[in-house]
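The following block contains the structure, expressed as structure tokens.
So that you can tell them apart, the chains are marked A, B, C and D in the order they are listed, and the count of residues begins at 1 in each.
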Amino acid sequence: MFQAAKSLDDALAAITDGCMLVVPREVSGVPMAATRALIRRGVKRLHLVALPTSSLQADLLIGAGCVETLETSAVSLGEFGPAPRFTAAVISGAIKMMDATCPALHAALQAAEKGVPFMPLRGLIGSDVLKYRDDWKVIDSPFANSDPIVLLPAIKPDVALLHAPMADRFGNVWIGRQRELATMAHAADKTIVTVEKIHDGNLLDDPVLAAGTLPGFYVESIAVAERGAWPLPLPDYYAADAEHLAEYARMAATPEGFAEYLELYVYAKRAA
Amino acid sequence: MFQAAKSLDDALAAITDGCMLVVPREVSGVPMAATRALIRRGVKRLHLVALPTSSLQADLLIGAGCVETLETSAVSLGEFGPAPRFTAAVISGAIKMMDATCPALHAALQAAEKGVPFMPLRGLIGSDVLKYRDDWKVIDSPFANSDPIVLLPAIKPDVALLHAPMADRFGNVWIGRQRELATMAHAADKTIVTVEKIHDGNLLDDPVLAAGTLPGFYVESIAVAERGAWPLPLPDYYAADAEHLAEYARMAATPEGFAEYLELYVYAKRAA
Amino acid sequence: MNAEQTFRDEELLADVIARLIGDVRHVAVGNASPIPATAALLAREHGKLQGLGRPYVSLLQSRKHNFFTDGARELFDCAGQGRIDVFFLSGGQIDGAGNVNLVSTGGYAHPKVRFPGSFGSAYLYYVVPKVILFRVEHSRRTLVPKVDFISAPGASEKNVYRPGGPIALVTNRCLFSFANGRFRLTSVHPGHTVAEVIENTGFDFDKPATVPETPAPSPATLKLMRETVAPQLAEVYPRFAAQVFGVGQPAFAG
Amino acid sequence: MNAEQTFRDEELLADVIARLIGDVRHVAVGNASPIPATAALLAREHGKLQGLGRPYVSLLQSRKHNFFTDGARELFDCAGQGRIDVFFLSGGQIDGAGNVNLVSTGGYAHPKVRFPGSFGSAYLYYVVPKVILFRVEHSRRTLVPKVDFISAPGASEKNVYRPGGPIALVTNRCLFSFANGRFRLTSVHPGHTVAEVIENTGFDFDKPATVPETPAPSPATLKLMRETVAPQLAEVYPRFAAQVFGVGQPAFAG
């Protein structure tokens, strides 16, 4: 339950080595400032669930050696090309990869949100995505034609980490249309949020703002991180920093370049 | 797909005799003006799904002979006592009753929303609610302990009918925190909406309003019905008309009194 | 209120329930439950006085004391997540095994009496750790040997997922605790007797050799209820707040 | 653009795809697909000219051309409801059975090349009625006899729920249609030959005795694309809109 706004490092305390951490897709409000703080702290052995895909965030965490297992549907830098540290880590076997498909991750988080052990999903049958997921089961549906259908076990992360436009002093967080952020918070044991700013007053008091608000009841801690999604976009607030992403793609293409990137943009705190 | 605002009667055309109609609970924006219009038109043999409960709306439709099957978790007038026409119809066998429990209806609508044939739900096992639902199945969960769990078939209504504070000329409807209204629309083949007023501009253009908006893509028709939930409340906009509800409870206690109520408040169009 | 009593029956019951709630994180109160709502708000005030900042209280019919923003399903999802610690259920009939009936008496196909329906009971009774049964009318009509319809059972087979269930039953005459599939008389309210409880209860129950009297609410608790809780109640239960606590109805009761 | 051509390759491909889209209700376009996005917006403009008011176009990376308000899951829910008629998929490898590989080459445990991942393909390929495969690079590297990893299969057993699947494959050299588990060469783009297509395709495919040339976009279509569609594209694909259509980048590209 929400207590009070903290320093960024304090707010991230619940993200311990070895925990299962769920983060949102590259355009839904990615907590990049928090990600850099985690790398500086040297978090290890994360089971990272990227709902349902990731870009810079997963690549950075993987490159910095923070990730043991990655569960997602895709990692890429979009128009800036493949995610180089992700690609290298999968090829070298440095991380355990759990390949999924986007709606499977949404459904598995919704299973945890609803307190059910699994959710069914169409599709998948005959794919190698299913073939390599021993944790997914196929049953004959007891309805209609008894056709086969996949059951996905619930994903219950230890921590959900997200970035949003604003929060109030009661722990309520305005997430707008990015409703998968609410599902992440409902599914996770604890939720940590960074925000652009603190909203005066209670977000739940205004019915229009309340419609886009994640209640503080689900929130463990909040820290203010202005432009906290940089260089990724915050929908409706700021665009991606295309120049920086191109620079990242260039530097991260080699281990040496990536180390230099970390030095410049993460350890030096320049952009924290 | 949304075409244009119509008269209330025109807007309701898709609610044909014998169709499956889903309506929201008593405090989520109940389309009462539309309900009175349906009774005046004499719609018959509805399979009414009240998500997950109902009060005046189900009682009126049942008393007026519009309902063949009722699928819900409870019908009552709350502090004004039992729902008299519902009670009488169940005892006389005039309607087919499909007793459910609230989260089962939510889950079954979400199954349709997600395009899956069923959803699992905890609870229910050992209850007579389950015993009398031949359409619900029990399987041994293929996860963890192989414990038994109920599977609920998806509910795919022909039409969802709801009342909301406002809509724009593109068919977008502002529903605020009543997010089960979005699930109803996603699950149903067609969605019909009455609103208090038309909003100038596009609700989706403002990120704060957009967060509480059901997109026009899902909406078949919209009609303006001011105080369209009366005498039930519209959350954040107006309270229930307690005096009228008390009068209803009194009048509907007998078939004769109910007929008089219909004459006064439905057929005379006084309150339409 | 008896002549010698300094409190109303509703206040006693709310105090009993507040003590049953104990120190928990989140209490949710369903529809048409003014006494449990009073108890939950009282528990919150007690928590505030102790500096605990808990329990969170969700009154489902309230705009103000209700944080849900994900629609009518959020209460049930929240319970499924294990995030609701206490809930309240009633029943047209309750039997000695803790089964509740919110549906009908007589056969299901041809009922004699029809109640509103099971609401969320067939789910919440299984997943909320502390369910407090609450039925003011304590009679052989309401507390029966065996319910005619099981909306939700008091206990389940071992292989059934069931982290929740009943912990107590509060009536206008007494307090029962519930464990191992049976009720046990815990205390009898002031002005009532064990003989009267036995006389008016349709099911068997356990009882200690000496049954204590339910303690009266303390003056401090009564003051808290009347001065701090009652005005908060008025938003959702204006009639109840006015009748029991003499609190005025606000202009907007929605 | 060839010397004698009055259009760019991208314009031809978008025109081909717009015709494949046909008259449908809803076209959704995923990430990093500027040519399919051009085609979808072109189909919408054609629909407007005919007074149809369809198709609805959802560009997933767009703020403006995207109505979703229920989070990142809504696209998939919408498809599951049968409310998306056309979607586009690509693949690191595509084989003659319509299988797509978005994961890796070599063994899955020890890949030689790793692609980003399957995205939504392992679901959308099954449930969207018209999936248009799109891979500009037409080579034996991309169009292979058998994919190394099946992100999503081109066809399924009879008992598998599958209202959707591939209808065509568009490359920089030609257009294939897909039916009954096989590709069939439909037309070869201007400046390319059947022999060249055979030479550069790693899988077997059917072809008619005479293979027609893909028709060039009409002047009216080119005008529509350049004057009406291109400015709309610039919000999501500023670089593409600038390079192909010479449309300026707006101040805010988010």
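Just a few scattered comments:
Everything below uses one rule, namely that contacts are C-beta pairs under 8 Å (C-beta built on N, C-alpha and C of every residue); 3 or more make two chains touch, one makes a residue touch a chain.
Source: prediction; values computed, not measured.
The set of chains in contact with chain A as well as chain C comprises B. The chain pair with more C-beta contacts between its two chains, of B-C and B-D, is B-C. Centroids built from CA atoms put chain C at 28 Å from chain B. Once the centre of each chain is set as its mean CA position, chain C and chain D turn out to be 59 Å apart. Rounded to whole angstrom units, the spacing between the C-alpha centres of chain A and chain B is 36.
One inter-chain figure worth recording: chain B and chain D are separated by 40 Å, centre to centre, where each centre is the mean of the chain's CA atoms.
Within chain D, residues 68-70, 76-77, 80, 127 each touch two or more of the remaining chains. Multi-chain contact residues of chain A (touching two or more other chains) are listed as 114-116, 121-122, 149, 177, 182, 210-211, 235-236.
Contact topology of the protein chains: irregular, matching none of line, ring, star or complete. Listed by chain label, the pairs that touch are A-B, A-C, A-D, B-C, B-D.
By the touch rule above, chain B contacts chain C in their complex via residues 24-25, 27-28, 51-53, 72-76, 78-79, 82-83, 86-87, 90-91, 93, 99-104, 106, 110, 121-132, 145, 147-149, 177-183, 233, 235-240, 242.
Only residues 107, 114-122, 137, 139, 141-144, 149, 151, 153, 175-177, 207-212, 235-236 of chain B touch chain A when the two sit together in their complex. Within the complex formed with chain A, the chain C residues making contact are 25-26, 53-54, 56, 67-70, 76-83, 127. Residues 31-32, 61, 63, 68-73, 76-77, 80, 102-104, 108-127, 149-153, 156-157, 159-161, 239, 252-254 of chain D touch chain A in their complex. By the touch rule above, chain B contacts chain D in their complex via residues 1, 3, 112-116, 172, 182, 186-187, 204, 210-211, 213-218.
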